[in-house]
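Chain naming follows the written order as A, B, C, D and E, and within any one chain the residues start at number 1.
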Amino acid sequence: MHDNPIDTSIYAAVTEAIQGEARRILSEGHVAAVVGYAAARRKGSAQPVVVTRADDAGKLIFSAACVNNLAVYLTKARKEIPKSGKIGIVVKGCDLKALVGLMGESQLKREELYLIGVPCAGVLASTIQPDTALTAGTIAPKCRECDAHLPTGCDFVPARQPVTPELEKHYSAEIARLEAMTPAERWAYWKGQFKKCIKCYACRQVCPFCFCEQCLCDRNKPQMVETTPRPAGNFAWHIVRAMHLAGRCAGCAECERVCPMDIPLNLLNRKMAKELKELYDYEAGFEVREKGPLATYDEKDDQSFIK
Amino acid sequence: MHPEKTKHAFEPKIIAFVCTWCTYAGADLAGTSRMQYPANVRVLKFPCTGRIDPVFILKAFQQGADGVLVSGCHPGDCHYIAGNFHARRRFAAFRKLLEFVGVDLGRLQFSWVSAAEGGKWVEMVTGLTERVRLMGPMQEFKELALEEQWSGAINTPELQEAYNSI
Amino acid sequence: MTPRNILRYAYYPGCSLHASAGEYDLSTRELFKKLNIGLTEVPDWFCCGATPAHNVDELLSLSLCAKNLELAARVGGDLAVACAACFSRLKTTQHVLSESDVKRQQVEKAIDAPVPLNGNVKHLLDILARDLGLERLGQAVTKPLFGLKVACYYGCLLTRPPEVPNLDCVEAPTIMEDVLRAIGAETVAWSHRLECCGANFTLSRPGVVLQLSHAILDSAKAAGADCIMVACPLCHGNLDIRQKEIEGVYSTHYAMPVFYITQLVGLAAGLKADKLGLDALIVNPMPLLKEKGLL
Amino acid sequence: MSRIGVFICHCGENISRTVDVERVAAEVGKLPGVAFATDYKYMCSDPGQGLLKKAIREERLSHVVVAACSPRMHEKTFRKAVESAGLNPFLCEMANIREHCSWVHQDRKEATVKAIELVGMMVERVKKNRVLPTITVPVTKRALVIGGGIAGIQAALDIADAGYEVILVEREPSIGGHMAQLSETFPTLDCSQCIMTPKMVDVANHPRIRLYTYAEIERVEGYIGNFQVTVRRKARSVIEEKCTGCGVCMEKCPVKKIPNKFDQNLGMRPAIYVPFPQAVPNTPVIDRENCIKFKTGKCGVCRKVCGPGAVDYEQEDRLIVEPVGAIVVATGFDLYSIEEKPKGSPIKGYGEFGHGRIPDVIDGMTFERLASASGPTGGKILRPSDGREPKQIVFIQCVGSRAREKGISYCSKICCMYTAKHTMLYHHKVHDGQAYVFFMDARTPGKNYDEFWRRSIEEEEAVYIRGMVSRLYQKGDKIVVMGSDIAVGVQVEIEADMVVLATAVQPQKGADALAQKLGISYDKYNFYSEAHAKLRPVECATAGIYLAGACQGPKDIPDTVSQASAAAAKVIILFARDQLEREPIVARVREAGCVGCFYCKKVCPYGAVEEKEIRDRQGNLVKVVAYVNPGVCGGCGTCQATCPSKSVELDGYTDEQIVAMIEAL
Amino acid sequence: MQLYISEKNLKALLDRLIADGMRVVAPRMDAGTPLYGPLTDSAGIVLDQLPRRSAKEAFFPLCEDIMSYEKQGRKVSLTDIDPAGFPETVLVGVRPCDAAAIPVLDAVFSWDYKDEFFLERRRKTTIVGLACTKADDACFCTAVGLSPANPKGSDLFLTPLEGGGYACETFTEKGEALVNANRELFAEPNGSTALPLAEPQTERFDLKKVKAWLDGHFEDPAWDSIAVRCVGCGACAFLCPACHCFDIVDEGTEKAGKRRKNWDACGFWKFTHHASGHNPRDLQPKRYRNRIMHKFKYYDDKFGQTLCSGCGRCIRFCPVGIDIAAIVSEISKK
């Protein structure tokens, strides 16, 4: 069952459509640049690319190796891409949720973006060689519970319908498994995971919502979180990270994908998303909302935990 | 005159984060009413529960607290209109997170204690202290603080001894 | 929920409809057949305990209704109830048991089954006016009751107490008038729509009943009504069966037919008199209906 | 290196009985940074404060910790002392070793250890304290009063009489409010108009009051001392400066039969009208909805007959921005109606009274208009249905009020008294009539109030029936009132000619919308919330905004006028200073770290956070960051706890200070 | 000395060393991830995949205490960490790319300042290398002049053989001492042929040409196009067997605390952030340039060596697919 192939045949046509649209908007001067994916040296691999000339539009591709959430390049923390003029960006449905969140948090303006949406059947999991075929076994965990195969509200979406088989949900099962444990067992689980952390901050750097110019955890007056990659500091860092993303993270799972130590970071994010959905009926990423669940309140909010 | 105090093997360290207008005043009232409660609690005063950052709770546990009490004005009573409403959501989320990483929520108590509720303050502090006393020390964070990466570990007897003594 | 397009209900007739109010049962079944609304009588249903049980033994009265609810749940679908007293008892039971865990546990022990607290219990009025809808009801009319002036009598149980039935506004309901207007009848504005007919005292203190029912008949007549419409066999008993007696005691004359809602709606839907049990009414409605050209 | 001075107070024996204060001083003296530690019998006493000041000078102390009672008790005292010794007051902190230690523990050893730790925490905290300069904000000495009823009129006159300019904004074409509608007033039965109209004229003639009638508040920006208020002056279609108030236009207007709201729709008015003859200003308004000119384009009579040429059909709404320093909200009340309310509304109507469909069931204000000599009937009590004089009249109290099941649980406060007044007026006007009053309790606390009420029974022959009415219905031309007399335990049925309902007092419609513009809080009924129920009853939690009258809760005229004067006094106190000083416990933004996500702005209860552009030297926009207006900031710190990068900090409660305390544990 | 050791005896050797109180560090699974770590017995060893982090952490831990302080009253007591406390260690299953980087690091840690924390661990550690039989297209040891069978840095080197077991060759006294102390577990070579070695697919870089270009192109538009995608994390540096930058931080409270040495990465925004607020490497391309310069120019300038052994970790785990092999190959063609 894990070998069941997932149909990615539309990606060739999607690639062609992206190239055509990028060429058009660049040559017509709609946008100053298009952020997309390009093939890289390793067989089947892809990497983010910024195309500024219509002639280079042919570089753009879409494949199951196009794993990145490019939204991160549009945040204020990433100064490498000049934010002058309108920018085109290739987005999967999951990436779009991040953009929607960023708009709600005054980080981006819709009118300054040209969104090229990608009909997506899924991308590869992080530890899989880029030239591997997409199957039920090699697909990224987030894609297993994707509800945004076709992005909506984009300026351009190639007219292709991805074939998306029903897959077993990964995160809900993991959350249920952990919730069924005793606190001590959960502590042991997370301690084992967090112990591996080397504080490379890849999770933070790829996160579209970690757009702070100065991370709280980089501060030393006072030192809110130990910066040392020891178990204590690691634990604190990951708790603070999850808390700061609560109600904002829409599950692009980039943190988890890039973690060189395989820490299941998105599991924390999904757990928080689940709780906020239950508590306040809030789901991130579906519409531009000025106030997230932790920036607002209702007088009737649950307070059963408060004596 | 004074009743003999029961000696306990373990005296938990309790940190209370309270707002100045309601709970701090409630604790003052407990004092002026000469109510009695365990001496384990250390109160940190904030203008409002809205100011209490979840990181402080984490920090308190890391610094050796065995129990944490967070207390402020009842809904609708906030001196700052809505600080406690914001805090309520923040802590509803944060406690779920702590629970998920394996912190026993028995060690973390939230309450509304008004300036008139000296008795409730005593009840909260006593309840949490007694509960945490039964639960024993908050080992998890204490152990975590001592743990090193294997590569950084050293095994001089003196240091081992020093670590053991902490 | 019953899907809106195919209406099917479990049906709880209640004791009266199998006895003194046989015409209510008959007209209900015939009308619903005509309107393509399915009714499945709850197998083995028994008395809801109205009206004396809840004044005597709360646990018993709750358990009687709880068991009937449990039986009805086995049929599936919403539960249709014709009698206002049964309706009130069944709804009250759901309300009381969902408010009190202790009572629920006691009752569940007594009937040895869980009580379906979320099942919908619906009065016929609700089904006609809302589930079927006034528009579709209007479409089913073949013989509109033009010219018939009806005093809609709700009685005390259909809307009260405020937190239980949720049928319509407690103090100023319009659901009966809405239904009648949909079938072409005229409704009169009158004062005693919501007064009690005295049903609880019908055997113990008939004097009270006579006094209360007299006031109702009086008021309907003063408002210019040709007839009264009811949705409860107990009200019907007092206004129709006792009408002669009231006329005697108070030396007055009404000759005011008292119809069940299903009889009037059935009439408008083209059902014949024998299918509606009109002959079972004590105050003969035929002269009135003939006069208005409705037969 | 800091040189901290620590002062341990014995508080007589209050502390030293349980805490070994000498030991505390000795232990704390060893802490790094502590240059001086001592204990003293009464630190708050003159010699105690002297000791503190002397030590600051002689020991060159940089910070001070006083371990004594609760800071809620003496923080101000010691900060003042520290200031007088030349230190910034915010370099002084208190450790609470009395209320939080010596008074609540008995074990001397435990209490002493705790006291040492509490002081230790404050020592670490005070090391991170910064010099905080007192914040001053300028004051615009002009007030805005919203609402031209008796509350607004009184407040405006008081403030203006004190020498300050006042902008008075009224939604209706004339000031006067509800009091102008009343016939006579309890408990003296003096004519409302007689005492009201002179005040209205005073407002019109006051050199320092600028009156905007037929105007509403559009927008409020700014903060105490510095509000910018945008007022919408609705198009009157009559130029106020030109109109002489001759009234010819009203006479000639062909539309005459428009129900006059001022007369509770009993009387009629033309399409161009003043609501009542004594209106201030005496300038008509064209009711564009009913005016033929506006509906069909034909007519134009009023413009033709207007000598001064004041009628202007093209007039449009105008927005005027007024800078003010303080705002008095006096928007008053509205009466509850028994009509059917929309589904889902928390407030219910009265189906048992026919939802207001019986014409001779009227409310108290309608009775006032009937009883008023200048009213539609010239002061005769007549039935709206047929103009007959009612011989049996029933008054029902607490309609809506104190009725939780109708969604209102409060007492409307004025109804007992005005119903008593109504029975008297009725008896004076209909000598052979009989008044009945259904009541739950008679609430008559007030000077001469109970006497007045008793008079209605004993001299004016009103029959008071303790009990509620269950139902009303029309029977012929009578209204049958079914109720119970619980004192006697019988059911009562009265065939009345007229029923007067003492309906509940509610805030004005749109009170919530105005509150949102003003940034003030309101309760679930939309009454505005005072800052403190007892000690700050005329102030809002939002600084610089004050409440007067029934917008804050049901009130009678004397209470309203008192509160209005109190609000005026608060405004005058504010205006007596050129600058405002405030405690510098405010949030500040570290612009370098701010990325402009504006979470702070979203959670700020005071609307104190603004957006600020950062530009480079060439003027190019670098980024937009948050800016906290120190005049508006309330100092709760919710922004800081919410800011992901902690780029906003609450002075006096910085992360450094708090973490230092946690780490000192 | 050329010998043979069976898989069984290799495990017996490790168990014996552990029993003797020696710390045996080898790749094993740590919460689902292959990482070097101390073994409690030989069963946990994982020799079929490259550990996620390199072997450098055995000498240069990602975090180590170098001093502690404690305040008592006004007295502050400082305690240096004594490197003598480091345990004797055998590091087993080290791939040629990892092992080769260790002597390269010797140069910098024993240059003007002798880093005893590194050097003492180095003295106390015996490295048992292991030839590679598998490679993926991120591997490029051959491109930097190494190979899957290169014993550089190993005291003892194992080559897997057809039919099981390992050919075993000693290269240093430490290696010989380890063999001699356990001689009975080793046998004479049995003539089996080695398993086919891995064949990394990249062509060999002309490192001279690379350096020559770097010498003249500190400022070059190429840096922008290479690193515009870099998000500034430390994954490449932290996984690299040769990167060795560290940061020293004091952590603790007013009462007590530690001075700690932590890995640092030139990709971090804060790496060259001045106290003034100025940052000479203000954007990611300048930071990434430093990474390339350090590896292929500065280290060569100073020590005559290249600071890259071609393990490919930075390629595999770069969040945004930056490929150092592709970049250097490109440079070498300029």
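Assume contacts are C-beta pairs under 8 Å (C-beta built on N, C-alpha and C of every residue); 3 or more make two chains touch, one makes a residue touch a chain.
If you're wondering where the values come from, they're calculated on a predicted model, not measured in any experiment.
Novice: Over the chains that touch one another, what is the least number of steps taking subunit A to subunit C?
Specialist: Graph distance in the chain contact network comes out at 2.
Novice: Over the chains that touch one another, what is the least number of steps taking subunit C to subunit D?
Specialist: Shortest path length, in steps: 1.
Novice: Out of B-E and A-D, which chain pair has the most contact pairs?
Specialist: A-D
Novice: Looking at CA centres, what chain is most distant from subunit C?
Specialist: The most distant chain relative to subunit C turns out to be E.
Novice: Which integer distance in Å separates the CA centroid of subunit A from that of subunit B?
Specialist: Taking the mean C-alpha position of each chain, the two centres sit 35 Å apart.
Novice: How big is the gap, in whole Å, between where the Cα atoms of subunit A centre and where those of subunit E centre?
Specialist: Roughly 31 Å, centre to centre.
Novice: Could you tell me the distance, in whole angstrom, between the mean C-alpha positions of subunit D and subunit E?
Specialist: About 71 Å separates the centre of subunit D from that of subunit E.
Novice: Find the geometric centre of each of subunit B and subunit D from their Cα atoms only, then give the gap between the two centres in Å, rounded to an integer.
Specialist: Spacing between the chain centres: roughly 38 Å.
Novice: What residues in subunit B touch two or more of the other chains?
Specialist: Within subunit B, residues 54, 59, 63, 82, 86, 90, 148-149, 152 contact more than one other chain.
Novice: Could you list the positions in subunit E whose residues touch two or more of the other chains?
Specialist: Answer for subunit E, listing residues that touch two or more other chains: 62-63, 253.
Novice: Pull out every residue in subunit D that's touching 2 or more other chains.
Specialist: Each of 592, 603, 642, 655, 659-660, 663 in subunit D touches at least two other chains.
Novice: Which pairs of chains touch each other in this structure?
Specialist: A-B, A-D, A-E, B-D, B-E, C-D, D-E
Novice: Per the contact definition, I'd like the list of subunit A residues that touch subunit D in the complex.
Specialist: My answer: residues 76-77, 105-107, 211-216, 219, 221-224, 244, 290-291, 294-296.
Novice: Using the touch definition from the top, list the residues of subunit D that touch subunit E in their complex.
Specialist: Answer in residue numbers: 30-32, 124, 592, 660, 663-664.
Novice: Quick check on the complex: what are the subunit D residues that touch subunit B?
Specialist: 70-73, 96, 98-101, 103-107, 110-111, 113-114, 117-118, 121, 521, 541, 585, 603, 605-606, 634-638, 640-642, 650, 652-653, 655, 658-659, 661-663, 665
Novice: For subunit A, which residues are in contact with subunit E within the complex?
Specialist: Residues 40-43, 45-50, 68, 72-73, 78-81, 129, 192-193, 195-196, 198-202, 204-206, 218, 220, 223, 226-230, 233, 254, 257-258, 260-262 of subunit A touch subunit E in their complex.
Novice: Quick one: which bits of subunit D touch subunit C in the complex? Just the residue numbers, please.
Specialist: Checking each residue of subunit D against subunit C gives 340, 350-352, 354-355, 405, 473-475, 480.
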